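Next up, some structures in structure tokens.
Presented sequentially are two complexes of subunit A, the first with subunit B as partner and the second with subunit C.
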Partner chain A sequence: MRYLAVAIAIAAGLIVLISYFVPALAMVQSVLLNWAIILAGMAALVGVFNLISVHGDKVRRREKGNIYSAVLLVSLFASFIFGLALGPDQPYIRLLVNTVIVPVETALMALLSVTLLYASIRLLRRRTDVMSIVFLLTAVLMLAASATLPFGEILPLNNLIRPWIQQVLALGGARGILIGVALGTLTTGLRVLFGADRPYGDK
Partner chain B sequence: MNLIGLGLVGFAAILLIALSLMKRKSPPKWRVIPALMRLSRAVDLSVEDGTRLFVALGRASLLTPRGGAPLAGLDVLRRLTERTSLSDRPPVAAAGESSLALLAQDTLQAGYRTMGVSDLYQPSSGRLSGMTPFSAAAGSMPIIWDENISASILVGDFGVEAALLADAAERRNIFLLGASTDISSQAALFASAQELLVGEELFAASAYLDPGSSHAASLTVQDILRWLIVLTLLAGTALKLMGLF
Partner chain C sequence: MSLLDLITGIAAFLFTLFIFSYLIGDNPLFRLAVYIFVGVSAGYVAAVAFRQVLWPDLLFPLLTGSVAQKALLVMPLILSALLLTKVSPRLTSLGMPAMALLVGVSAAVAVGGAVTGTLLPQAGATINLFDTHAAASVPQLAQMMFNGAWILAGVTTTLVYFHFGARTTRDGSARRFGFIEFLAFIGSIFLAITLGVLFAGVYSAALTALIDRFHFFGTLFGLH
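Then we have the complex of A and B:
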């Protein structure tokens, strides 16, 4: 049974990979990907059960922070029941998303800017090397070039330095990193395809 | 038919198989990555002092082109589980995507089974921490704060929200290694994480934790392909300068 699962996983992976290069197999690829999407949808439901189980345990054992777990569970059930009864396009359900979820995520984003500022200040204390200094100087230069200043923009910064950093240094570096990531993804994918790594059970 | 793409994948596959089967006379020698050495030390320390490891796998779906990073993350999770399975406290893994959370549970269970301690596996050690990037980060922060964690490893596809996890670890004086394929999160983690793996170093992590023939071959294939790309870029630049291309 174990070998059958491995054989099916490898065969499905190979077909999907080859069909990217052989258009004649596009139909088979589409069918396999549709199955994968259905499975992913099912996994979302199982994931929600996992969330309920973990936070339910926290509330039952009265662990630290269990009040937040209780709030999460109540909110989850309320959203689920109302969403099911009224439908996702109902104005009240949209209101729930727009007045709770969006502001909370935006608040976290705002918190992140403060966190990053604080982290940048701590960076020199934690790691005083050339790269840290270059990183901070670049960040300050880019902020100064992008910010709306009371006395207007600083011309050489905005017209020369910012485009040069963005389009030469940053773009070149980003492309280098992305090529490395692509090669890593390729070899990792191939290892999974050949069954050397199995993220689906025993080896 | 995309012959260049097919050729590249085919060449990589043949190289990977050939190098995996080739018997090495000496163990592979790789450059030292200080972040992974510190991770190894932190893992050993966590077993000794009975604390937990926290592995965050990010929010990428395996159905998207970003699926490579979570696969590498699951491999790292597997190595770490095997190394810490006999510890008093098992590692905790969290993902911001449901199918990845399920695979994390399966990986943890397989790691325990390999070490012959299946009964120590707890299903709650593989968790879905949230369904959106920020909710996943918010769901992971209490794990760092409250669950006796001594080392956090962020390995997968994260956005800038990874900095919130790094901040949570910093406040608890916990070791944190950040490894993400996303450029913006690499910048955020450079400023906020104690240790950072840049770019393709993420894919080398499991090989450094537990060198095997397929991992060694994988790193060699990456190096060969990287040199081929460098040579192609240089040749292209030279041809362009000569006005031939």
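Then we have the complex of A and C:
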């Protein structure tokens, strides 16, 4: 089974990759991409089944916190059945999303404003080096320049310093990070395509 | 305001309050809200995956499509069934071929995307800053060159920062070459500035979310 899996991964990957340069293979690429999309959809369902299995076991064994697992299962089945029956774009399902998912996500994001502030204070106390100081100084400058202050905007900061930091210094760093990430993706992808890495194995 | 709006408004208010209760520490109300959130989100994702991917792309064509369409979908049907065995720890190895196809195709798409979507455009954008024909006047050219030099320095030193090749010293410790170490230090300054700008953006977004929640409270209780 392991050798079959490696052969499938290498063959499918190489066909899709070669199709970028050989237009005659575009049809095969389209079929393989469609299969991958179907499998990604099925993988999402497998993930949800796994969640049900883990929390179902917790409820069955009456482990600590099993009441939360029971609540999770009830809410999961309710939203799945309604979503399946009515469709995800139906107004009642949108209402469910706007009542549960949007408020919780927004509130968690709002909590971040407190935790980030706390984390930045801890950073200065735990690690006072050049990188930390430059990082916090830049963050404070950017926030001060974008904030609506009672005495009006700080002109050189808002008109000159902020755009230069954002569009020149930060752009250089961000571009370096992006190119680094792309090189990392390229290397990892090629390792998978040549069978050096096999992240689909059972171990 | 209709009764349904009132009920959903109160529910949203309670969920927000339960999440905010985390400020006083982990507590049952926070956990309740998070577990409901995870349950509803997972159920919604499963419904979307079925209604918008599996049904229109696999099951519906298998039931109503032409023979050619059905023949093309036999393989993903078998692989989907094999993928389902991943739920059981005893049968998990049967799902390997399906995972292999998914990983192989994803790796190829990632490689293509990294080259055509990031590497070439980002390198091109850095090079184009030194295009002398793009400037309309000498001061503009000077400004372009000045900014371009800073950006190029940022790109190269940031990449050098992530270079971890080192030589072993006499005492057995690993050290980078002095010049590389110097460039990496400059790169760390650029990285700190970039992360500071990103942090400010995330913090602004978090503050906007906080203001949105307070605005929601005000609207619900008719304060504005």
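Keep in mind that, in the parts below, the second predicted complex is superposed on the first by the 197 of 203 C-alpha atoms of A that agree within 3 Å, B and C clash if a C-alpha of one lies under 4 Å from a C-alpha of the other, contacts with A are read in each partner's own complex, and residues count from 1 in each chain.
The definition used in the following text is that a residue touches a chain if its C-beta (ideal position, glycine included) is under 8 Å from a C-beta of that chain, and two chains touch if they have at least 3 such contacts.
Values in this document were obtained by computation on a predicted structure and should not be read as measured data.
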Partner chain in contact with A:Leu186 - subunit B first, subunit C second, else both or neither: both
Subunit B versus subunit C as contact partner of A:Leu116, first or second or both or neither: both
First, second, both or neither for A:Val97, with subunit B first and subunit C second: second
Partner chain in contact with A:Val22 - subunit B first, subunit C second, else both or neither: first
Partner chain(s) touched by A:Ala196 [first = subunit B, second = subunit C, both, neither]: first
Partner touching more residues of subunit A, whether subunit B or subunit C: C
First (subunit B), second (subunit C), both or neither touched by A:Tyr3: neither
Which of subunit B and subunit C A:Phe151 touches, first, second, both or neither: neither
Subunit A positions touched by subunit B in one structure and by subunit C in the second: 17, 20, 33, 36-37, 39-40, 43-48, 50-51, 53, 65, 68, 104-105, 108-109, 111-112, 116, 120, 135, 174, 176-181, 183, 185-186, 188-190, 192-193, 199-202
Subunit A to subunit B touching residues, read off their complex: 17, 20-23, 33, 36-37, 39-40, 43-48, 50-51, 53-54, 57, 63-65, 68, 104-105, 108-109, 111-112, 115-116, 118-120, 122-123, 126, 135, 174, 176-181, 183-194, 196-203
Footprint of subunit A on subunit C - complex, ascending: 4, 8, 11-13, 15-16, 19-20, 22-23, 31-54, 57-58, 72, 75-76, 79-80, 83-84, 86-87, 92-94, 96-119, 122-123, 125-126, 147, 150-159, 161-162, 187-207, 209-210, 212-213, 216
Contact footprint of subunit A on subunit B as seen in their complex: 1-3, 5-6, 8-9, 12-13, 16-17, 20, 61, 63, 65, 67-69, 71-72, 74-75, 97-99, 101-103, 105-107, 110, 113-114, 123-124, 126-128, 131-132, 134-135, 137-138, 142, 145-146, 160-161, 163-164, 166-167, 170, 181, 183, 186-188, 190-192, 194, 198-200, 202-204, 214-215, 218-219, 221-222, 225-226, 229
Subunit A to subunit C touching residues, read off their complex: 1-2, 4-6, 8-17, 20, 31-51, 53, 65, 68-69, 71-84, 87-88, 93, 95-114, 116-117, 120, 130-132, 134-139, 141-143, 146, 165-183, 185-186, 188-190, 192-193, 199-202
